[in-house]
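Two complexes come next, and they have one chain in common, chain A, joined by chain B in the first and chain C in the second.
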Partner chain A sequence: MNNTENLDFLFHPRTIAVAGVSENTNKFNAGLMFLQGLMQFGFKGQIYPMNPIGGKIMGMKIYKSVKDIPDKIDFVISAIPSRYTPQLMADAAEKGVKAIHFFTSGFSEIENVEGKHLQADIIARAKAGGIRVVGPNCLGLYCPSGGLSFNADFDKASGPVAMISQSGGNAAHCVQEGNDRGVLFSKVISMGNGADLNESDYLEYLTHDEETKIITAYIEGVREGPRFLRALKSATKSKPVIILKVGTSESGAEAAVSHTAAMAGSNQVWEGALRQAGVIRTSSIEEMIDITIAFQHMPAPKGNKIVVVGIGGGASVILADEFTNVGLSLPKLGDKLRKSLIELYPSEAGRIFKNPVDLNNFESSETFFKTMKALDQCEEADLLAIHIAFDHFGLISIKDKEFMIGAYLKLVGEIKREIKKPLAIILHSYASTQMRKLAYDAGKELTAAGFAVFPSIQRAAMALIKFISYHEERRTVARIK
Partner chain B sequence: MTDPKSLIYNAKSSGRKALNEYEAKSFLAAFGVPICREILASSVDAAFAEAVKIGFPVVLKASGEKMAHKTEAGGVVLNVKNELEIRSEGQRLLEIPGCEALLVQEMIVGARELVCGLTRDHSFGPSVMFGLGGILTETLKDTVFRIAPLTMYDAKDMMSGIKANTILQPLRGEAAVDTDLLAKILITVGEIGLQFESIAEIDINPLKICRDGKPVAVDALIVLTG
Partner chain C sequence: MNNTENLDFLFHPRTIAVAGVSENTNKFNAGLMFLQGLMQFGFKGQIYPMNPIGGKIMGMKIYKSVKDIPDKIDFVISAIPSRYTPQLMADAAEKGVKAIHFFTSGFSEIENVEGKHLQADIIARAKAGGIRVVGPNCLGLYCPSGGLSFNADFDKASGPVAMISQSGGNAAHCVQEGNDRGVLFSKVISMGNGADLNESDYLEYLTHDEETKIITAYIEGVREGPRFLRALKSATKSKPVIILKVGTSESGAEAAVSHTAAMAGSNQVWEGALRQAGVIRTSSIEEMIDITIAFQHMPAPKGNKIVVVGIGGGASVILADEFTNVGLSLPKLGDKLRKSLIELYPSEAGRIFKNPVDLNNFESSETFFKTMKALDQCEEADLLAIHIAFDHFGLISIKDKEFMIGAYLKLVGEIKREIKKPLAIILHSYASTQMRKLAYDAGKELTAAGFAVFPSIQRAAMALIKFISYHEERRTVARIK
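Take a look at the complex of A and B:
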């Protein structure tokens, strides 16, 4: 992969010019939003507003052209109408700008001839001027280590997760849901039409990016299928790649003669291609975040056997069904382990020492520690999960539940260092507003402590089976090769 | 053995959009895909003579350049057991419009029918399909795809990827499917797709599993590009 382009310059510009910043702050002005976003996010370099009329904004001079700025410009954000973009491109080429992000829309995505021609025109100018283009028609880049963001509310801390998105809205959703659940990002690229740099360019770059350990992507379609497949195969050799591929409702070729062509819906072929490339395919943004959380917080399991501990008897039964139905393996606890667990408690009454282990309530932190320690050291489990059903205690008042669950969560929080096996925490079944709030706050706290936290049994089951299958397949492939 | 390139060339130069069953199987056989024993007979007398060589029972099919959907036209007769049957059925087939000759085939005994095919995906190019064959292909839609070229791992992963994957295990006195041989067929079909731009689609359906577990192509279709 010697010809992979190093796109570091995109994510670490020293200077940024924003085209389309109006002096009039009373009306909607995307240029101003990008400018303010960067400043509030804490971009460390110089930012220059631009606008053909000139003027002043927040005490800064608005330059009429990129050529007038008395500084070298690395990166331009364009929020001007599309008809002015050829001129901007010409000026940027003359100025020696390295890259332009076009928030500007009105190109190939509007499916008219003018839009397609205009896109071809600016891309030809970019190529001639040695400028790389992000977009057009997109939100652009979020890279905390480079001080870049299209939204000042995004987390300023860097993390291991990268995202390539063919939708700006879905990128924004992913970052916000991810941040809220403890996922931190290295680079997020809202890539728009991908007229110059496309999904394969970004994927090849992220494969070699040291800041990125997990790659996620929202994909509607690709421009260079064979290249994208090669890039995926290469990426999955070193990093988990999690893709939300949409368009599952497309049907097979209508004019097909053979059975094969009639069966070959684009979705079926994509399913095969992603599987062949070792990609983890997801069907929703929530699931993509869930799987990412597993990879971010859980070490690789040695096998597929999971032992679950929890409170909530009925919930444990539901969990056992859900887990088994997706293909997770809940091993029987051996006699030795069962005995050692039973010995920790005064009696078996109200508790079930099977898998899931249903503890119902907790005697002391010491007992809980010993229980978890015994499971961590047992031969039966490759992974552990703790689940808490928040609204499963029929006899107890909300107030007492808050106290009881609060005490339990405190225990869970304290075991982190002690447990070596991959551990998932499932906070679920919050039916009342009070418990929902408690579960949400607890989730944030445990997430911050570095736990993989899931909001329902089903979502934990889906994320865990994909996480475990990924590691199992890698072992199988390694064995064959 | 016929040169596979000339089969495509001849079909194209006579304006046809597909290779018929006999040609398609000759083509596939040239790349090592196992096919059933078969021979074209121009008359009922010749068909009987060939059936004797192959051994009864046989399968008798109507063959012709324009016969793509034989079954729908009533052009397929299974389990033809003797001279009387081959003469009466042979005469009937020859009267079907478009029928130019009789294809006499050995009757493959086995309960399992699979499908292996090729299509060209607009994003990824030649893609290989594997799944349940015969009438189950389009009713159950239990099929999976991979992009050519396929590795041995990909081919085996396709087999475990269908829902009905237990069909590959020993079944009612029939041996487990020879998955190595089956994998080779899938890989070969992918290679053909990469090598021959002029082939748009391939169907090997059914790819029948003999009682000893060996896969054999008993019907095939090759569609050529525009």
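Take a look at the complex of A and C:
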């Protein structure tokens, strides 16, 4: 495991003490939320609530100090005001606590210089006491295999995707967006100011973490630039690394400083550094998940040529433009392939046998299946995409739509088993109440069947070009070597 | 009304005959769908079904020919196979029909040269018989004030937005996307091949149509380039014109030819021509609706400076970057304004009083209202935006979230009455089931209250920069004059 620090202990504590749990359950308090969240999520170890007054909550004794707890404490979550954190740190050091997560904010991210002093103080105490610190100013850890979560609604199943986030909100959004679309996580770290453990520590750890196959990160700024770049280069050797680097505009950089005290750096420098390190750069949480989905569900393509088949003539034209604009290659279909497709259908009227192929309607599931088999075996395509424009069924009754789409989806299950080429499914253009539901349900069903599903032409285009470019670069590098 | 042809008669027929209605209601047939669609939508005039065999449907007699119908016929919808259309045209001319919409396809859009001959034939017959043709190869007309629709689900209420579309599917998607987000339409024209009435005819008509305040169009290619550009220049003098011009990539151009026989033209030429004509160019149906919403709900801004307030620190950083990247101007807040905002809140911890302002949470509705009033009166902002990142409430229970967002929404209703500056609301980052529903319901409520609501930071950024640039250009032109 090189010289990388093994942070497994952070994600698998046996005991947790939560500081700042009020007895009053009627009023919002963050400590209580962490406590309840862990219990509801199903943390298997012991949890101990704390506050300086003591009392009882949900049948549990509230301890006045971590020192009073009659058990070894692996991990402390602090939701107390910042002025009390030095005392907590002193007590924790005495107790032999291994790690503290500070939800507490009011450190170096605030303008007042006292915040910076306070942060320096607690970090010095942590180092002296042998305690590792997550944060401060963050939501902390989500690790299904360790029973940890800062939101009881997150999926309890583990998966291959890790996330390092300098924003708790963006981490929460990323997990929700991912869970909703079939992405499961190994470890998600809301790291806040990163005063002790920083983005480089987590990245180095995740590079060697066997649970993690894809690394994603939301980065506002880094503390140790050269080390972070080295860590990135090392990480990309074994796993795709997808990064949302923000704070690159003047306003964004200012917001980042106030948010997590991060120095954002110039966009040009970052653009070059990330490209050199082989990182996939993204511009939103949604896109980060889109790209992750491609990696999770699609095999590596052999080249960059994509053939698209779908329903919606106007949507085909938009798709052709959008795909071409981002740099995807839509090859012409050869005469042999065209003829074999045309022969499958009773009439050409309303259909377009070019790329994209516009079927206008699903003639029959058998015909559609034959179409997909022909495309899978053709020389033209390295990848395939199916797109369906839901609201384009303007003329057809809801019942017919449901029937057509339902039949199609069952068929797509068969396609999953038979089609060898990487296949993306784009379910788009749904705004009417019925189509919205139909598209959403279809997306869920296809996602569960293991397909890469995208909600719009634009989003599919961006995810696919980044997925394809990644593999193209790898092929180039392999050839040079 | 200049020399423009008044096409009102197309949109307000008193009688409609639908050709190609089969007696068999169990099997899909397009004629039946049009017939049922019109009846369900509530067309007030007489409808007559037709097919060459005759029979009965839903208690109505099916006529074998338009000539047999014992009534004057204003409008015919043709859903018959293309080979029978010359006979239909001959009969319609004899009958004195004013207009025919051909849903029928298989004309100049197919590769076979016979399709082009057939189209030339029916258009020659139409001219000789004094009949105007909508299409062929299209879904036809949606005009709530005339009781016309090709989809019974479309909103029955009229509104200020017109659309010319060279794709029926995209027209349907546009209406659904619009209806779902509070956009109502005056006239939507799915025009297909535009063999008789083309995009220029419709554009000239809509320029003078009093029902229409905003013109949108999905254009694959135009038949009379110079005339269309003249029509655009004339239209933009009185109304915002928002155009999705596609077929600008090689694959897209090929798809366009096969779709509606349109010659797409080079992207460079179009880009220049559209800019010169003062047209707002868009790249998707969703964006077209986003921009329309800005025009429908926001007054003209006095400048280009926008101040943003919201919830979500990480989302603020993403927003600052995204807004800056598209060219929006986020001014720094002056000391006076900053102090007045800070004074409203009990603590700065977790809050950022820069632009974007991150409130972290809604302290109270009164405080938030005072915040908005302060921003409305400040010198820094020409426009305001509120953003809320739903899934960022990672720690708070669903009940608290609902309470907080509910209280906030009620407040926003008050803001509507008091705030004078253009205000955009961005409800974004919702993927969990609860937050998705909450955001969707909130969007509906705010839309109904007359706010411009956007579903993501990216989409708001694009709509706002195009809305602001439009008004900046107008101011520049006004100054020069």
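Basically, the second predicted complex is superposed on the first by the 459 of 481 C-alpha atoms of A that agree within 3 Å, B and C clash if a C-alpha of one lies under 4 Å from a C-alpha of the other, contacts with A are read in each partner's own complex, and residues count from 1 in each chain.
As a convention for this text, contacts are C-beta pairs under 8 Å (C-beta built on N, C-alpha and C of every residue); 3 or more make two chains touch, one makes a residue touch a chain.
None of the values given here were measured: they were computed from a predicted structure.
When the shared chain is aligned, chain B comes close enough to touch A:222, but chain C does not. By the touch criterion defined above, A:374 reaches neither chain B nor chain C. By the touch criterion stated above, A:316 is placed in contact with chain C alone, chain B being left untouched. The partner of chain A that touches more of its residues, comparing chain B with chain C, is C.
Judged by the touch definition given at the top, the superposed model places A:271 against chain B, while chain C stays out of reach.
Contacts of A:106 after superposition: chain C is touched, whereas chain B is not reached. In the superposed model, A:39 makes contact with neither chain B nor chain C. Touch criterion met: A:349 reaches chain C, while chain B stays clear of it. The intersection of chain A residues touching chain B with those touching chain C, taken from the two complexes, comprises 256, 258-260.
Those residues of chain A lying in contact with chain B across their complex are 221-222, 225-226, 228-229, 253, 256-264, 266, 268-273, 275-276, 477, 480.
Interface residues of chain B, counted against chain A in their complex, comprise 17-18, 68, 115, 117-119, 121-125, 127, 129, 131, 137-138, 141, 143-147, 152-154, 157-158, 161, 200-203, 205, 221, 223. The residues of chain C lying in touch with chain A in their complex are 28, 30, 33-34, 36-37, 82, 103, 105-106, 110-112, 137, 139, 150-151, 153, 165-173, 176-181, 218, 220, 244, 246-252, 254-256, 258-260, 283-286, 312-318, 320-325, 330, 348-350, 352, 354-356, 358, 389, 391-398, 400, 429-436, 456-458.
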